Amino acid sequence: MKMLPFFVIIPLGAAFLISLLGKKIRKSGDILANICTLSLLGLSLYSISLVHIHKVLVYKVGGWGWVPGIGSIGICMVLDGLTSLMLVTVNVVSLLVTIYSINYMQKFTDKVKFYTLFMLMLAGMNGIIITGDLFNLFVFLEIASIASYALVAFGTEAEELEASFKYAIMGSVASSFILLGIALVYSYTSTLNMADISLVLSQKGSGPLVNFIAVLFLVGFGLKAALVPFHAWLPDAHPSAPAPISAMLSGVLIKTLGIYAIMRIFFNVIGIATTSILSIVMLLGALSMLAGVILALSQWDFKRLLAYHSISQVGYIMLGIGLGTPLGILGGLFHLFNHSVFKSLLFLGSGALDYTLHTRDLRQMGGLRERMPVTANTNLVASMSIAGIPPFNGFWSKLLIILACVQSHIQSGKMIYMIYAICAITGSILTLASFMKVQKYAFFGKLNEKWQEIKEVPALMQLSMVILAAICVVSSLLLIPLFKPFLQNAVEALLLGTGYKDAVFSAAK
Amino acid sequence: MELNILLLFMIFSAIVAVQVEDLLSSVIAVGAVGLGLSLAFLVLKAPDLAITQLVVEILCLIILIRATIKKDLPFSTSGRWVFNTVSTLVSIVVFLFFAYFALRQLPRFGAPIMRVAEEYIASGQEKTGATNLVAAIILDFRGYDTLGEATVLFTAVIGVLAIIRKTGRIKNEES
Amino acid sequence: MSEYILCFTLFCIGLYCVLRKRNIIKIIIGLGIVEYAVNLFFVLIGYRLHGRAPILAKDQAITNMVDPIPQALVLTSIVIGLAVTALIVALAIRIYEKYGTFDITKIRRLRG
Amino acid sequence: MKSLEPGMTLIVKTITRLTVGLILLYGVYIVLHGHLTPGGGFAGGVIIALSFIHLMLAFGREVALKKISEARASVIENLGAVMFLSIAVLGFSGGYFFFNFFVNKGRPFHLFSAGIIPLCNIAISLKVGAGLFAIFAALILFRSSEKEE
């Protein structure tokens, strides 16, 4: 339990040290960043076993605990199943991305600042996941967001600056909505601890105010998650960033800032009672699913295409979670993990192409399979995963989501669930079509004469891509009973609903 | 009463800041909003915030003026100006309409609930040793937040220094 | 109540500025106004009629203080606002250098 | 081309010379008394940064950068950050992250009281002051190099 604050202390300390020493000692940035992410991954894997034993753990920062009859007077950190799932997801991807960055970021100047900002973004994300306090969540959300605004513009080309500006404006508006929501919550409940808020809200009942707060949070976090009416910034921002950062942004940042926060607040704090909110979430999810993939079809810029697919895949996750049934939530969370893995793999692959070819235009590629076998094969694995081809992880999670839709249809008899299931299948087919295009133009076919001289990317970049591809294949096993508790604990944490508060209170004693 | 007057002053200055064509005047008008905010904090018995807001306002103004000075440009209005403006205004009115009903559920102005706050007021000095309760909260009870806040500023500094770099990429012979 | 409504009006003015204006500096100003409104709202909800500032003085009983928590939170939020503003101004300066204008209708190299 | 001249007119320079020390002193006062009176690390840090910015605006950037260069400001900022984090981590000696580990918190209403709070204020003020100065110096430096082109 003492280890909980280290999820924030380690990356923060690494950021400060890299910024202090990086200029003086060569390579210290590379080494420190990799040690940091490696130890974070170790900690987060350890947290799985902790969750398995204790279910919920609470850490009181500063020793300020609960005062009877009043509530928590300090900030607390909470570790439960959902937290540990998110921590593992974030830290797996970030470790592989830092390994990849060692070589890739040599294209850019001032690697020290890159690593500093990267570590700060990681600290922000871990802070969001681990906290049990609403305002603390906002503060760490801002750290992660500001670091990502700066990282998107890291190349300082005109397009990147423009994309970053758009992203920063949208992100700041979203933050203002979230802060306004927090202010209303504070005024209504007079506390900021999530468990206490949940307690007070359950005593006071709902009304126009709670619905208004829910809408503010939905708009704010929806903007951060790039759900469809609020998605305008994502197709610009994600491709503009350097490839490792694109992988982080699409892979984990939108999930932590957007989806995790929505899940935590709507399920555990406000409570499922507002089913109208959940149906809005599902509708937005279905819309994102279709709109993202349709917009992706006509793209020729590889990274931009991937960015549109991120919108679509986030839609799947939201649809699964919005169903609110155990099967739907399981599918949604499993898809969240899978999408992190294969989308970061795809972005790293596109970065590898960019690294050797200096272009992202699919029309100029072709036949790269001969010259870059590792990139091509890992990319094939990831493409089949995202399109939902049977042995890979993407298939299982999409199948679970579609089955959950059908199950809800049978149970409630509402036609809308069937429509969502059909939407999900359609989206999956369109995704397959889109990635067949990628494979055809980039890796198969005739080799362009321009690229006769190219070589495969450096070994460390290959290593991280191969590991990610291996996870794509292996993570299907998460559904077998031996490994299922990892996902099942997260599902239970969400299904607990407002029972979250009681679990926290009893763990805090 | 004086609070309402201050708020009206801020709204008036904000409208001026939004609508005036000259960028420098606009920046100065937003400075007036910030000054009004600082005074409002004083009226609301928040001297810590009044000081901080005042100095931050000065810094923001200097930075904004450095950015805008001699870079004045004519404004362009896009083709569907009327339609867009009307639709934005309508959605804002709808937002305010719902906000009104939501706000009616809040505790009356001037009578907050103060569950946790009473505990801080009653025993904050004894527990932390600080007589300024705001300092006691930001640096002891909620010190973790302040670590985050300081990190935000650190991030912004590194971010600004990263964005300001002259060249981002190390150019190869063929790009 | 009227205070709350006026504060929300200020919020909406800022939002209108962000959404409708076509000049980068105006957008930054709009964001600033939105931040001011949210900060003010936070302090408004913690105000107690005829309250005292939350600072203890010698030989005075603790009576009727305003809520200190919103003040602590707003202090954090002011600094966050400053950080965001500084970053966006840096972006704006770089964009001006690259495009030679603050007009976002002319800054459209990206599709979408 | 007036802006290329270092600094402003003689009147401004004289008044700056008189006031800048006072502003700096006021900033330091606000930081040190943060736990007793309104103010604290942030307000004080911004005031300290403003005193250097004042110098920079009045005398031109060379004079201010001679007093404290951008790189050194960045290092000071880092040290402030590390100091704040280590105060937080030192709390583990009392059992918790961010624990106010001073057993004797001193007499109230005195400068040396409240345990870690004044130390945190100093760390924050270093960080805020140096950080904002670095931001400002970077923005100005960028603008002036742009003019030369």
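Chains: A, B, C and D, in written order; residue numbering restarts at 1 for each.
The criterion applied here is as follows: a contact is a pair of C-beta atoms (placed from the backbone, for glycine too) under 8 Å apart; a residue touches a chain by one contact, two chains touch by 3 or more.
These numbers were taken from a predicted model, which means no experiment stands behind them.
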>> Between B-C and B-D, which chain pair shares more contacting C-beta pairs?
In response: B-C
> In whole angstrom, what separates the CA-based centres of subunit B and subunit C?
Replying inline: 2
>> From the mean C-alpha coordinate of subunit B to that of subunit D, what's the distance rounded to whole Å?
In response: 21
>> Suppose each chain is reduced to the average of its Cα coordinates; what separation in Å results between subunit A and subunit B?
In response: 29
>> Nearest whole angstrom, what separates the Cα centre of subunit A from the Cα centre of subunit D?
In response: 36
> Residues of subunit C touching 2+ other chains?
Replying inline: 15, 45, 53, 55-56, 69, 73, 75-76, 78-80, 82-84, 86-87, 89-94
> So which bits of subunit B are touching at least two other chains?
Replying inline: 47-48, 52, 56, 59, 63, 67, 99, 103-104, 106-107, 112, 114, 116-117, 120, 125, 131-132, 134, 138, 140, 142-149, 151-156, 159-161, 163-164, 166
>> Give the residues of subunit A touching no fewer than two other chains, as numbers and ranges.
In response: 12, 16, 19, 61-62, 135, 139, 142, 146, 149-150, 153, 156, 161, 164, 187, 192
> In graph terms, with chains as vertices and touches as edges, which category applies: line, ring, star, complete, or other?
Replying inline: complete
> Which residues, counting only subunit A, touch subunit D once they are in their complex?
Replying inline: 2, 5, 9, 12-13, 16-17, 19-20, 59-63
> In the complex formed with subunit B, which residues of subunit A make contact?
Replying inline: 12, 15-16, 19, 61-62, 64, 67, 70-75, 106-110, 113-114, 116-117, 120, 123, 127, 133, 135-136, 139-140, 142-143, 146-147, 149-150, 153-157, 160-161, 164, 184, 187-192, 207-209, 211-213, 215, 358
>> Per the contact definition, I'd like the list of subunit C residues that touch subunit D in the complex.
In response: 53, 55-56, 58, 75, 78-79, 82, 86, 89-90, 93, 97
> In the complex formed with subunit B, which residues of subunit D make contact?
Replying inline: 30, 34-43, 46-47, 49-50, 53, 57, 74, 77, 80-81, 84-85, 88, 97-98, 100, 102, 105-106, 108-109, 113-117, 120-121, 124, 127-128, 131-132, 134-136, 138-143, 145
>> Could you list, by residue number, the parts of subunit A that touch subunit C in their complex?
In response: 135, 139, 142, 146, 149-150, 153, 156, 158-159, 161-165, 168-169, 172-173, 175-176, 179-180, 183, 186-187, 192, 232, 235-236
